[in-house]
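First comes the structure, then the notes that go with it.
Read from first to last, the chains carry the letters A, B, C and D; within each, the first residue is number 1.
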Amino acid sequence: MMKRVLSLVMALAMIFTAAAAMAESTGTVEGSGSLTFVSTEPNTLNMIQSASNLDADVFYLTSAMLYRPYNGSSYPELAESCVVNETNTVYTYTIKDAVYTDGSKITAADFVYYLINKLDATSAVYYKNGVKYVNGECTVADLGIYAVDEKTFVVELEAATADFDPQLEIYPLNQAFVEAKGDALGGTPADMMYSGPYVLTEWVYGSYLTFTKNPTYINAADSFQIKDLKMIHSVDESGRYAMFAAGEVDLMVTVGESTVEQIPDKCHYNPGSAIQGLEFNTKGMYFDGSTFAPRDPAVTAVLANKNFRMALSYAINRDLIVPVVNGSGTASTRVINADVVGNTADSKFVDDYPSTVIPGAGDEALAKEYMEKALAELGYKSVSELPTIKYLTFDSNMYRLTAEVLQSEWKRVLGLECIQIELKPVSDAVMSMVFMDYDIYYQSLTSTADAPRSFLEFWITGGSVSDVMQAGAPFSSIYSDPKFDELVKNAMYEFDPVKRNAMMAEAEQLLLESYIFVPIQWNGNYYAVSDRLQGYVQNESQDGIMINYATVTE
Amino acid sequence: MSEHLLEVKNLHVSFRTVIGEVKAVRGVDFYLDRGETLGLVGESGCGKSVTVQTVMRLNPEPPAEIKEGSIVYQGVDIAKLSDKEMRKYRGKEFSMIFQDAMTSLNPTTRIGKQMKEMLQAHRKVSDQEAREICIRMLSMVGLPNPETVYERFPHTMSGGQRQRVMIAMALSCNPSILIADEPTTALDVTIQAQILEVMNNLKRELNTSIIFITHNMGVVARMADRLAVMYAGQIIESGKSEDIFYRPKHPYTWGLLGSMPSLKGEVPKRLLSIPGTPPDLFAPPKGCGFASRCEHCMNVCVNRVPPEYDVGDGHKVRCWLLDPRCKADVKPPIGRDQELIPGKEAE
Amino acid sequence: MTKYIIKRLLISLLTIWAVATVCFFLLRLLPGNPFILQNPLDMKNAEKMMAYYGLDRPLWEQYLSYLDGLIHLDFGYSLTHVGRSVNAVIAQYFPITAQLGVQALLLGMPLGLLLGILSAVRRGGGLDYGCQLSSVVLTAIPSFVLAAVMQLIFGVYLKWFPVSQWLSFRHTILPTLVLSIGVISGHCRSMRTLMLEVGRQDYLKTAKAKGVSNVRVVVFHQIRNAILPMITNMGLEIAGMLMGSYIIEKVFSIPGLGAYFVNSITGLDYTMTLGLVVFQAVIVVAANFIVDLLYGLIDPRVRVV
Amino acid sequence: MEKIKKNGQLYDDTLTEEDFSPVPDRAAIVDQIRPSMRYWPEVGKRLMKNKMAIASLTVLAVIVLLAIFVPIFSPYEYDASNFLAAKQKPSWAHPFGTDKVGRDMFTRVFVGTRTSLLIGVIGALIPYIIGMTIGAISGWVGGTVDMVIMRVVDVMLCIPSMIYMILILVVLGGSPVSLIVALALSGWMGSARGFRGRILQFKNREFVLAAKTLGARPGRIIIRHILPNILGNMAVGLCSAIPGAIFAEAGMSYIGLGISPPMTSLGQLSTDGVAVFMTEFHRFFFPSLIISLLIFALFMFGNCLRDALDPKLRDEDYMARVYRRMRKGGRKA
């Protein structure tokens, strides 16, 4: 009983905030003014194959959504109502009347088609027979996602799940159109269906995309008042700064450090939702392309020694290093982001469940102590006898600088000379990571939501990171702790937020104490806004160019 | 003085280079009358090419510099003219042919075009008219079917043919003086004779006078009416060719003539050769240039530049042996007889 | 003449085939595959895409189908940018890169040659010394620094030209200027040395002796012979310029082929890279062929007749 | 000197009897002739006399010495980060200031110079030598061999050098050796083509034919006869290839394939500097200054070397400047 009341209260709260937002800005269907901004062009606009947040930025503009995320929360757009049954397993959604730009109606089947196409190993866990369907053990019919009629569709869960977010931020995807377009879907502006605030009029690859306001959009009158948009693709830092300084551009979605130093007053910070840290290959095996071959046993022994890994972690003063090395990063001692909501609406998870496993400022004395213990256990008399350990990372500037700083700190504090930095182009480094061809790897994991689970699901046995090689690796993953798996799985079905958070915190503690993954920093970013543009917001874990209520002064 | 066509008086020309000044021409005097061929003879590096090129002002002025002297032509001292004014004379009054015909023609343009260019630079002639003149000139120099030659490229022709083209080009504006700077040196003997033949015929027909430069005494013997022997930037002996060949008065001329094989039947004695090398004109010797190599060298030769002694009938010699006070009586080592110059009767 | 042309055509086709083959196998040697890059942790999707594009077939089978595509001038679809055919990409972006390259050449080459001739004719003068000095300095400065500095000065401070994109002619001015600087300094220096070399030839003395005006001597005789060697490597240079400069296009965010070249290699997009490389090979071979014919026209000694 | 007139000519009568006596010792009268020296010592002498050559040599020597000794005697490790001294402007403690993480730029720049010089010189020399040998073979042998080699060169030129570089860097890792191999593999075609042209130019000149008739082996002819003639031009080519190699390394680090850390290079330092040259100008200025000095000195030395090897050009250049002044000041031509 208590649980139902809670979710209802939350649903009401949401509707209330959206209404307030609506009443505030009265605009016209045509909108006015134009905005030119710099970002990176999307990889692909083929909704089925799209996987990067750059694509989501464009879909936010061109497609209507069931619930539209905005400034940390989300408000219903096409969702008329969302009714949940008493056992919290069946959610029934009804949608408002809305049309695509070609006049055809948006139906419940479009949302079902999108949901089914986007099922993958991690998201299928929620839905009835989801995992079976993804593994191909059952057909679409017995999957828990189906349309009842043109205006309503039902989502059935495997079991009552506490952290299932009923406000699905999904787009309508017309099956007939997709099958007609086939591979060319999203290739050019004509190969897409538009239902959102804007229509993509032109996409010149490598240069720019142009949008104009879509009058038939459901909230055209009260949001997205800017008439014409132009997204310029530029990856050169000095080129972007020149555009902004010359006034040719009013917004830069991401900005490099040098620009922040030049125009600090125009730049705003957006804390990151991507956790970066060191991953240790304690299994001592790697896939050499055909079979699993052992790595140097001496190195594996050193890496497998927990004291050694703790020494490395304690030797780093994160609070000092991170702001210097990466202007847009914040030091991190946890795996779960600091912004995640805690037990109550206004308390933070990290404050409700503090953790001292990883010291922010580092502890040089303790680091030396652990190193002595490690040397004793491994039978080495001094640090100089340790075998060479390879630190693999990407070769872009920030990653290279982080590697150099960590190496020099380890050398200063522990006298370690055996760490050798190995830079590889992105494509090659990722391949080596997937094949576990590394000793230490500078891992970067981006979570897709602000819930504790989305930060821990990487480490479930069989989860995407840890489950390295489905092709029958002699071990299931780099980190595999049954207790951790059980905690995270059960937390899913625990409706009481306090209990759920406690289970999540315990799981996080287990992961941190294993020292398999040592967090270093959260990688955020800066964005720059000129005086001409007011009302632009950016949220660390939500994708989309959020100019919903922004205005441009001529 | 009688009216000479061209008179060069006390010409001093020096070149400024990095390591100092080269005094290439150190006081040259000679004259040229209408219809006459003057031979200018001397070892390579004695300044004969520089002298004639200075007459036509072909050397760019800054490195070259006419220090003193005058070049009078039809009453005008062309040494003082500016390059622009001088251009009217080049090609029209004097014209020049060079030694290496292989490289004296622009390889990328047709013969006809290069010839027309010269004509149209000096006279208002239409293309058609210019073409006819050129073809006539080409036939005059003895080139078979001149119409095709007119259209051909230089690289399709032999050395001899190209030299004929050069002569035809040079004489197309019938200049009063033709300067030939060793025209036959690069050609083999048979072609050499033909070219000399052509030059002599044209001299008679067009009444042009020729300054003929060579280091080959045999060639100059047949061509020149008068001769001037140059050594180390000075004319050491000049006069009618008979005087020079039969009654040479300067030790260097003796050496020059002595080193020439004679056609007479009997086995020639050892050929004379002059030991040593010409002086370096960076630091020309104080006295006579030939002093270091002259057997009859006297103190005065080393210290003072010999003046020009006139031994009669325009035969001038620049050598102290000719001075009345010189006691040494020196006979020329070579007893030259008449047939030295084949086909030319002694006076 | 036709025998020569046929022989040259055969050699050209052979060269293009060789380039395509060598590049095909070289690319396969690079580790990793294009799909891992897009979403690193999703091995299943990568295998699905490999199968989709037929990349799991044995190598020689792929090579044969690739050759078949080549013969029909169809370079296939890009692997990283889904749904985009390589031919369409070339058709859309090559004109922009080519326009930038041609504009830089049209501005740079004549200016470079003119400066070279002037500094040779008025040797030792201020212009001569200035040209030599500036060409040294300009080759010293790397292009990405030059582009950034010019962009800030002319675009941001003086606001004379827009700093980015490729919309109107005014947008093309700044990138063309930056690109042409390299062309100017290169041509100026080589033309000067050639003019001096030709200056010492005998036929120039003959020309002067003909009494024709100095201007005519320089133009008709000296330049005509000095420009010959410049033409030989003009072919390669034109081909190079047509394929665009990655750095200039990156700094001025111009939608040219330059970026495609680099990204398709680092992104292991086999079809795109091969398409661009073969396209470039065709241009290089064509440029060389045209230049050889041109050379024959000007220099009769080489004329193929 | 009085002049007396006798039968129409003037005689200088102050001469004495003694003047007209033969010279006692003829051998003593020897004209002054400039000594002609052997080829190489004269090149050396000519080089030393050239002020510009001396200047560029000293600049090169200073940079090389600094590159050797600064890292040894510097109080700071080139890779030791010290956060208290981050982003400092140039000061006595840090002549070139410090970078983002407090590493002393003075030491880093000269450690970078070491790698850049190493890569620059060797990275330019090896492809040049490979190119020369292949060019020589192709030029000298001619015929089908020449045609085949030239076609191979065309093919290699068409393939973007980035592919070789990634391939080699992935196979051999980021060590300087692999960088040099990458540069060699992608750099030799240019010099091969250039050198072949030169060989063809000299191949049928008279002195080469003469050497051939005297039975000299092709290798000897090329080295003894053709090489000295084109050494000048090659010197300039080499001296401009070195900066090219330095920037190739920088270019590679620009697209992320540079030297493996913590080692750095001038190219990398200046590339990082470009990004911040508005705010931390010193981080851009000093590495680029050293690179520009290197390039300037190398280019000037190359020119002087070429002039020393083939003086005709140098004299004419020098004299042309003298004439310009004369013409301006002195008489109109």
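In this text, a contact is a pair of C-beta atoms (placed from the backbone, for glycine too) under 8 Å apart; a residue touches a chain by one contact, two chains touch by 3 or more.
Since the structure is predicted, the reported quantities are computational estimates derived from the model, not experimental observations.
Asks: Tell me, please, which chain's centre (mean of its C-alpha atoms) is farthest from the centre of chain D?
Replies: Farthest from chain D by mean C-alpha position: A.
Asks: Could you name the chain whose CA centroid falls nearest to the centroid of all protein CA atoms?
Replies: Taking the mean of C-alpha atoms per chain, the most central one is C.
Asks: Going by the touch criterion at the top, tell me which pair is linked by more C-beta contacts: A-D or A-C.
Replies: Of A-D and A-C, more C-beta pairs in contact link A-C.
Asks: Rounded to the nearest whole Å, what is the centre-to-centre distance of chain A and chain D, using the mean of the C-alpha atoms as each centre?
Replies: Comparing mean C-alpha positions, chain D is 53 Å from chain A.
Asks: Centre to centre, by mean C-alpha position, how many angstrom separate chain A and chain C?
Replies: 41
Asks: Taking each chain's centre as its mean C-alpha position, how far apart are chain C and chain D in Å?
Replies: A distance of 26 Å separates the two centres.
Asks: What is the distance, in whole Å, between the centres of chain A and chain B, each centre taken as the mean of its C-alpha atoms?
Replies: About 94 Å, centre to centre.
Asks: Which chain D residues touch at least two other chains?
Replies: 166, 170, 256, 274, 319, 322-323
Asks: Give me the residues of chain A that touch two or more other chains.
Replies: 238, 425-426, 428
Asks: Chain C: which residues touch two or more other chains?
Replies: 31, 148, 266, in rising order.
Asks: Considering only which chains touch which, label the overall pattern as line, ring, star, complete or other.
Replies: Shape of the chain contacts: other, as it matches none of the listed patterns.
Asks: If two chains touch, include that pair; go through all of them.
Replies: A-C, A-D, B-C, B-D, C-D
Asks: What residues on chain C touch chain B, complex-wise?
Replies: 201-203, 205-214, 216, 220-221, 224-225, 228, 298-301
Asks: Which residues of chain B touch chain D in the complex?
Replies: Residue positions touching the partner: 16-19, 60-63, 82-83, 277, 279-280, 282-283, 285, 291-292, 295-304, 307, 309-310, 320, 323-328.
Asks: Please name which positions on chain C make contact with chain A in the complex.
Replies: 31-32, 36-44, 77, 80-84, 89, 92-93, 148, 151-152, 155-156, 159, 162-166, 249-256, 259-260, 266-268
Asks: Within their complex, state which residues of chain A touch chain D.
Replies: Interface residues on the chain A side: 237-238, 241, 256-258, 261-262, 320-321, 324-325, 394-397, 400-401, 403-405, 407-409, 411-412, 421-426, 428.
Asks: Okay, in this complex, where on chain B does chain C touch?
Replies: The contact residues of chain B facing chain C are 56, 58, 83, 87-92, 95-96, 98, 100, 103-109, 117-118, 121-122, 153, 155, 166, 169.
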